[in-house]
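This report concerns only the one structure given below.
Lettered A, B, C, D, E and F in written order, each chain numbered from 1.
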């Protein structure tokens, strides 16, 4: 890892979702997902933290420009998911259950293509203050 | 006010909503409410703070038992709104636009009937960490 | 109120306590105070916010020097209560039930004598992030 | 006050400042302001909360559109003070000591002219998590 | 690690404790533990974060059901320690000094037996907002 | 790593800084650093978290005494940087651009000499709530 350092940028979006697996019966969905399966959706203030790890550029003193990273997150993630119904309004979750785990993995997949491979990338997603996930672990 | 003291209890619920006034055209709704008017709903982690003001009971040292207040908020507010779509699933917002202002006033109306009139009651509702309301002012 | 402005300073102390009224039977205490009446004490990270309201001194631009206010709170409140058992180690709560309400009123009484009467004084005391009190209301 | 409700919007800016009263000697400034008087400035992440109180508009369910309020705060306050040296770069604090009290009063003065007088206006300014002010009290 | 993802659940309990090693003299205990050794206990609002790492179950989109994890933490940890005196009321700390380090290791030991070994487990314990520990490192 | 556990202590300081590389032209500096390059400095409430990893001392139940660690951070870091202009008032940043990355690496270098090598050391530095860095990664 040499002299690697990690930088973090936190952004947020507000979205509706419902946990549901179309391959299961309604009874199975209700048993597994409980209140999160209610048919008319509920929602969250999602907080997303993007961690980028690499070496410091000696000219700038930056690993990566956090203003550019913030702009990238806004274009690629916030514009896509903010004030949306994840199940109905997004391509990503039309056939994928929008659990926090799956949302974090989708965000990682989208940003991984836009961030140079010399950087490591990790996503933390808060669904509530008390429930959150980190990918990759 | 004599020797009055205020006690506060904070609870939370997660819900979907959409800002929309059925008396207005779609264009007017979009112009007024912007992203909050998107048709398929979005959602929030709502934080609700209930403030009860009164005199301290000398026998208990309490204004009001916060465990009972917490239980009351859970029964009357959290059960009603948590993991619900405010526009579709609740009587209160079938014909009332679920802005933070209106949600706070509805919560105040529900709890006011359940809390003795010798206490003053105030509701603070956080829609996000940066947007919140207080009723009555 | 003219041109009044309020300044706030937040400090904290960690203490053990138990809610108990010696004038009541053990059964009554258990019924009223529940887990908070357990005989061997429990504890909290208390956060205390001192609000001082007055006019701005044109020479300093201060209502009151917050460094001095912080020092006063440390001497009078933190030294007295920090890392103490409120029921056993303090004069104030030997015969007074250490509810959040009573602790806030005691703190107000102690500081009121030390702060010039041209200032208004209000105490907010957090027992937990979700339970707190404000005196006077 | 009738049926008044308060809405709050929180924004932030990062600035350098130094507490200094040019009418006092260097010794007096050092004695009064301590570390805050150091000649080469220090800085803060300021959090500003704008509270607007009024009646709910029955057509919108809003007291005031918080997106517009946020935009107003950005134009009038954040653009003016963010990433600035308050003492050197701003008209407001060239001859006024940039204490939290004075900053809050200046922000109130700027926004008061831009917000209809049927609304009450209050400013809370956090200089640090533990030091903050509210104007008017 | 393949496609591992971590999920986190945060819970809290309030307890009294005192740092003391019975194998040392009173003078040694006072010298090592300072205010934390005061004889009549003090207390904290402990925040415990349980991190579980594993693969996502494709049927549920969960690593593990956070509602079940929350319920497990409540049964095994919160019921055991909440509103207790750790030194006097618990088997775990009758002969073990209840430092944050030891509490985190005890919680890890209790939960490790209840969570399938295909999951990695890590405990973070906040004693105060500014002091916390993580086990295993 | 055997039975290693990590302990964390959080402290804070307030400082002014400006991002600028003297080897670049003014136009290049403005292009790279934007508002952070403004000539008269701006500032932040920096939060620094020091993570120390090692084995628990069976006599104390501590990895390291957090009161001593806090005292060390205050002497070596807070005294050096608090209420200072990082560019003008400190030896460390006279010729090194005070980005969050560089500040974290400097803090790591200072503390690494003062903490026994049997402990691992990691620094997290928050420049704002939404921008922070961790070294080593």
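A few comments on the model shown:
In this section, a contact is a pair of C-beta atoms (placed from the backbone, for glycine too) under 8 Å apart; a residue touches a chain by one contact, two chains touch by 3 or more.
Since we're looking at a predicted model, the values are computed, not measured.
Minimum number of contact steps separating chain B from chain F: 2. To fit its Cα atoms onto chain E, chain B must turn through 180 degrees, a value rounded to the nearest 5. Rounded to whole angstrom units, the spacing between the C-alpha centres of chain D and chain F is 28. Inter-chain centre distance (chain C to chain F, centres taken as mean C-alpha positions): 34 Å. Residues of chain C found to touch two or more other chains are 129.
Contact annotation for chain pairs lists A-B, A-E, A-F, B-C, B-D, C-D, C-E, D-F, E-F, with touch applied as defined.
Of all residues in chain B, those touching chain A in their complex are 12, 14-17, 35-36, 38, 40-45, 82-85, 88-89, 128-129.
Chain F meets chain A in the complex at residues 19, 21, 23-24, 32-34, 96-102, 104-105, 129-137.
For chain D in complex with chain B, the residues that touch the partner chain are 1, 3-11, 53, 56, 59-63, 65-67, 70, 120.
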